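Written out below as structure tokens is the structure these notes cover.
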Amino acid sequence: MTPLSSCLLLSSLLFSVGFAGVLMRRNAILILIGIELMLNAANLNFIAFWRYGSAPEALTGVMFVIFSIGVAAAEAAVGLALIISIYRHRKTTQIDRMNSMRG
Amino acid sequence: MLGEGIAKGLIETARNFLGSYVNKDRLTTVQYPEERLPQAEATRDFPFLVYDGEDWQAGLRCVGCQICEKECPPKCIFIEKSTDKKPDAVGKPQFYPAVFNIDISVCMSCQICVKVCPFDAIKMDTAFELSTYDRFGGLLWDKAKLAKPNQHYHEIHPTEAAEVDGRLADERAKADAKAKAAAEAKASAPPPATPPAAPPANSGVSSTS
Amino acid sequence: MLFTIFAALTVAGAVAAISLRNLVHSVLSLILAFAGLAAVYLLLGAQFIGFAQILVYVGAVAILIVFTILLTRNDGTFGHSSQASWNLGALIVIAVFGTLAWAIHSSTALHHAPPPQPEATMQQIGTALMVRFALPLEVIGLLLTAALIGAATIALHEKQERP
Amino acid sequence: MTALSYNSLHHSSPQAADQIFVIVQHWIVGHAPVGLQPLLAILLSVVAIVGGFGLLFAITTILERKGLGRIQNRYGPNRVGFFGSLQPIADAIKSLTKEDIVPQTADKLVHLLAPILLVLAAFSVYAVLPVGRNMVLVNLDAGVLFFFAIGSVTEVAVFMAGWSSRNKYSLLGAMRAIAQMISYEVPLILSSLTVIMATGSLSTVSIVEKQAGYTGILPHWFIFTPWGFAGFVLFMIAATAESNRSPFDLPEGESEIIAGYYIEYSGFKFALFFLGEYLGMFAISGLAITLFLGGWNAPLPFLTWVPSYLWFFAKLLTLIVAFIWVRGTLPRLRMDQLMNFAWKFMLPMALLNLITAAVWHFMPAGPVRWLVSIVLVVVPYTVLGRNQMHKGHLEKRVYRFAE
Amino acid sequence: MTWIVRNLWLIPALPALAAGLSALAKRHQRRFSASLAIGAMGLSFLLSLCAFSQVMLAIAHGQASRQVVNFPWFQFGDQWLKLGWMLDPLTAIMLVMVTFVGLLIFIYSTGYMAHDDNFTRFFCFLSLFAAAMLGVVIANSLLLLFMCWELVGLTSYLLIGFWYHKPSAAAAAKKAFITTRIGDLAFLVGMLWLFSQAGTLLFYDQGAGCLEHSALTAMVAHLTSIGMAASTGIALLIFAGAVGKSGQVPLHVWLPDAMEGPTPVSALIHAATMVAAGVFLVARVYPLMAAHSDTASVITATTALQVVTWIGAITAVFAALIAVAQNDIKRILAYSTVSQLGYMMMGLGVGGVAVGMFHLITHAFFKSLLFMGAGSVIHGCQEEQDIRRMGGLSKLMPITFATYAVGMLALCGFPLFFSGFWSKDAILHAAMGWSISRVPFYLGSLGALLTAFYMTRQVYYVFFGTSRLASHNEVAPATHAPHSTSATPHESPSNMTVPLVLLATCAILLGAIGTPAWPWFDSFLSGESPVFAFAGFLEHGILPVMLTSTLIVFLGLALGWWFYGRKPILSADRPDALEQLHPGIFHVLQNKFYVDELYEHTVIRWNSALATFSDWLDRWVWNGVVMSVSNLVLGLSWLARSTDTYLVNTSFDEGCHTVTTSGKLLARLQSGRTQSYLRMVGIAFAALVLVLIWSARS
């Protein structure tokens, strides 16, 4: 097994675990954790393809991950702020109880 | 300007730091076990029982009235009253404490026992180095450990002790006078038919008191 | 060898993060996963990314999540879905992973010799950020500012709520 | 002392005294089988770091207690050993033999892991500190980034300690500590960015090398530039807050929350926390020395014969003394003052300092550059400082949670 | 390149820094802000002297007298926008003039504004103004010049409205700002046009600048649709900016009103610097103005220069006429300034840069001297500004009187000993020799006559006769009641008189640098070494012009004496001597030819009529259209509704029922739970990957 495919395997495993978290938990914070894991899996892919790709000196993968980390930080901040705000109104972080928009 | 105060403070502490090496007067610390500060007269630490005279058993002022036991906030006093009586400081026959225990480790030096004692029997001591190796019961003091002579009281709180002694002497004098008056009344109460030869017996009673 | 250890650490942390009942334990395991991933990055030669991962994810995102957990009290139920939907979810996840793994396994494009370790000095990354990727960098800066203001506004104490 | 340092050994021709530790390590490693050599080299360095800074920790505790005592017109410890010099040993024996108490409701595993993580993180950052010429464990290309990244792990450890104790005071202390650390991490990093801008490198070794050399007798340290001086002061203030030392020691404010996040720790674990805090302080002082005070370079050109590591430790001790002095002088801040100071003074100052450094970089050398840079530092300082000072007098304090 | 050229930016930067610092100063830190401003200005003055001597040296050594520093500012597209500064004789002389006069005015202000509450604010604005003006002077880019130009406008707005609690001051500030904005708009358009033509806004850029040969020939060659060369159009638009700033007809109306500001402001802005900025601008872009198709670089009367000349000449006479009938001491000076600015413009138009600039420099000194003298008078007379209520001050304020007299004689162009004579003479001489028409020369001579006349009138009113202040107090006791006891005028403090004396000295001595015998100024500006030769006087037409203008001046002075000096003016309320002569004309003059009223009735009226018309159009026409459309729509919708209700609904109800039931089945998919959607996504993803791989295989 080449290092690249093992990296990709790890990444897909991480992605699946994050996806499982998103699908199977109902706590908004845990869902956010799952999303973070999926994002990290994507970052790992970028790094792996940069490392074993054809033009590593272009640094495209590294740059992409830098920006992705920045976006992830912003996303986490806004997401958590939303969770806090929702919690303040509905006193819960379980997403299936946040159903005031339901018809 | 921001930071001026900080600079001033730093200079002050630096002066303290250097000055403490130069000027011994700055150092207020007392090297305790070797040096000690004289205790103020009003020092109060833990209670003790006062006795008069030489024999602590006989001279104990406490009459076992248990007022202090009831008043003690942390309930550290334990008293068992005696069944027999013996004469107290004034000379009246009184009960005495068969058992008088104070758990010093519980005592909080509040001095309420002293305030409520009508007999000036319990006072505050100035001893504070009370460590023991005994973890349980080492600080549970019984009557024998608690009893201290009146002289000790005079040593640690001279003014207060003098005042107490004066008051006790007054009371005793008053009691004497009262007894004398009672005796005289008794003497004068019988009809004049009684011959005046009777007084010697009376005077003998009064002299014993 | 090292890769296997760190990969195992990462996956273990991730699994623990999504399956533990205590949210704080979840976050701590998540930190473990992040740290493991950072180690993997270092193994792959991406030094900057590895340290940035620790700085951002461990130092900031995880702490943010912790703060959120402490600010929102759990209401007793520990967020697992009902058994049926849980099973369905598990099935789908396994399906997704299966297809991904199969795709990776069967890909022919991956079977070539690994190239030599590429250079990625700080100097190069900095130059790339300032020259070729200057515009994305500005955009990210703008995004972060917007996120900062947005998060503060959303989470701000709402005055009219108070009696 | 890794492969990189070996290479640099060959082309530099150091004096024996300066390189004695390197030579000794070399010698020892030379006896080991070839396969184990790198591992052994690292192991030796780690042992040296743990031993050296552990010793410094011991020295600092007694120094701090004596110094504080003198500042407060007391003697300080003077019973154990000659003038109390063996006090650290006594303290160590005491804390090692004390009973280890864990609260019944505590999260036992996390409670145990917290101090270990703290000390591990504190020791890890020494890997990139150049203690002397050729004396750095790893010369990372991203050394400063590594330092800050590992430094941020401390927050996790603090949170683990505070949360796992199941004590409201410890949780409050932990939250305070984290809020404070995050707030002051921003000016800390921003103020060190100036140096990174000036050197164009994140490697601690090359930052130190950039500060070698002298103009006349003045060394080329960054503290001797207007932005460097301002950056150094900002860095030290932020460092004081980062290492939770007075006057920023709110996380352990005895009068309110007893001892903060390690309230439920005793014995050896408590000692670990203590050690971790001091190690953090040494590390961040070491970084300040590396960034602003020329690392292990001698301050005067005719003093270069003194071994470089001695210079490093001399500077470190100076900074430690400054820390102690400040601790003995300033009272603790209030939480709102702390946050105000971070966001309304430190952050704008650090940002403006970046601009100053840029101006310095782009202007031609000469008195005009000095003038402009000094004005750029002094004017905002005056304005922001005035703003800070007037805030406290005018604003009525509002108690949000005690109405 | 020498040190001073590289650091020329320091000259405006120092006052700007002083402004910034004193903006931070507290209100009571008067000494701090004043010394900061004066110190910065003094340093700038020293640096200007350095720059000046640098240019002198360069000329003496026969080197290029123009040195330029350009630097890129920012990039758009693949072009760099460059800014820069330059040092040439024009800049050098202006720098020295602005900083020197500015420094004296700053010092003077410490006395004049000593009792003002907003002392620090005043110095902040003043420094900022000086910085902006110096920026205009050193700019080597029309853009930089324009930015500083606008900053000058802003600070003049701030300074004119300094006493903003006075409604008149606030109104004057607004008026100044808006009026000059009209010119600036044209300026901006001209600048954009220039950029589109030349591709750069730098004046000089090693052959690539917009004032250099290649750009100019290109612009001259480029004809617009109306047959005018692009260079002429641009020049005229830029000149419109100068018209606004320099108060030329028809945009002169703001300048007299601007006298509402404190007097040092009037001296600085409306005598020495800001209004001169317009003249300076024309001088700066002179190559553009003078650009014409044949390449010989002699001065020819291009269209642009003709416009400049005519506007200048008309302004010179027009404003001088108004000045004759004014009663406010500062207003007279203001109109005189407008008139003199007209002279300068005319000089630029007919005689080139040197002629106009020489008058600008001499005028800056004696006019600021006059303004400051007027300020001293006002200060001494308890803020009285009406010349009819002054009188007899020559004994009470001797220094002020002496210096004022010097300024007045210089302004009138008293022969030989005063600088104004030489500079005005140069203009007249040039006008005499103008190839297009002699009319400007006659207008100029008439202006000179009027100038001598109204200045004599003013001096007689203010300094001779008996004091009429007391009578004023009896007439209107309410306005100055608190001062009535201490109403005797007094001499001003030394920090006000010393600058006066210095300026008076300059007003006399400066004439020496531009005499025909030793045309130092002329040669300095053109970068040559001056030659001393009495033969200059003998050049064609010089002596007759000098003689004529001398006669004119004496005539003016005599007329003034005849009307105002012969009999002492006794009462403030007596009608003016001219008014007695011909009240009708006098009133027209006193009301400034009704220009303000004209604008009131034309421009403003039209504007409001247009607004009313727009409103009416909106209300009745468009609204009517919209209403009718909406009514139409309403009718249609009513029709549609009835069709709907009775026709469509019944038939659709059945169908809807079916849809509802089927919809309910489908709605179970749309649970609103994100997770169930995500499940779908997961399934779809897996399926997609499988399909992709499958298709890749086969």
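Which chain is which? They are A, B, C, D and E, in the order written, and residues in each are numbered from 1.
Definition applied: a contact is a pair of C-beta atoms (placed from the backbone, for glycine too) under 8 Å apart; a residue touches a chain by one contact, two chains touch by 3 or more.
Note that the structure is a prediction, hence the values are computed from the model and not measured.
J.: Quick check on the contact graph: shortest path length from subunit D to subunit E, in steps?
T.: 1
J.: Give me the chains shared as neighbours by subunit C and subunit E.
T.: Looking at subunit E and subunit C together, the chains touching each of them are A, D.
J.: Which two chains does the highest number of contacting C-beta pairs join?
T.: A-C
J.: What chain is most central when centres are computed from CA atoms?
T.: Per-chain C-alpha centroids compared to the overall one single out D.
J.: What is the chain whose Cα centroid lies farthest from the Cα centroid of subunit B?
T.: E
J.: Would you mind pulling out the distance in Å between where the CA atoms of subunit B average out and where those of subunit E do?
T.: 99
J.: Averaging only over C-alpha atoms, locate the centres of subunit B and subunit C and give their separation in whole Å.
T.: 74
J.: Could you grab the centroid distance between subunit C and subunit D? Build each centroid from C-alpha atoms only and quote it in angstrom.
T.: Centre separation, subunit C to subunit D: 29 Å.
J.: Could you put a whole-Å number on the gap between the CA centroids of subunit A and subunit E?
T.: Inter-chain centre distance comes to 61 Å.
J.: Do you know which subunit A residues sit against two or more other chains?
T.: As it turns out, subunit A has residues touching two or more other chains at 19, 23, 26.
J.: Going by the contact rule already set, what residues in subunit D reach two or more other chains?
T.: 382
J.: By residue number and range, which residues of subunit C touch two or more other chains?
T.: 48, 52, 60, 67, 81, 85, 89, 92-93, 96, 100
J.: Output every touching chain pair, sorted by label.
T.: Per the contact definition above, the touching pairs are A-C, A-E, B-D, C-D, C-E, D-E.
J.: Can you tell me which positions in subunit D touch subunit C when the two form their complex?
T.: Touching subunit C: residues 110, 140-142, 145-146, 148-150, 152-153, 155-156, 159-160, 163, 171, 175, 178, 182, 185, 200-203 of subunit D.
J.: Which stretch or stretches of subunit A touch subunit E in the complex?
T.: My answer: residues 19, 22-23, 26, 95-96, 99, 101-103.
J.: Touching residues of subunit E toward subunit C in the complex: what are they?
T.: 675-676, 679, 682-683, 685-686, 689-690, 693
J.: Please give the residue numbers of subunit A that touch subunit C in the complex, ascending.
T.: 2-10, 12-21, 23-27, 29-30, 32-34, 36-37, 40, 43-44, 47-48, 50-52, 56-57, 59, 62-63, 65-67, 69-78, 80-85, 87-88, 91-94
J.: Quick check: in the complex, which residue numbers of subunit C touch subunit E?
T.: 81, 85, 88-89, 92-93, 95-96, 98-100, 102-103, 106
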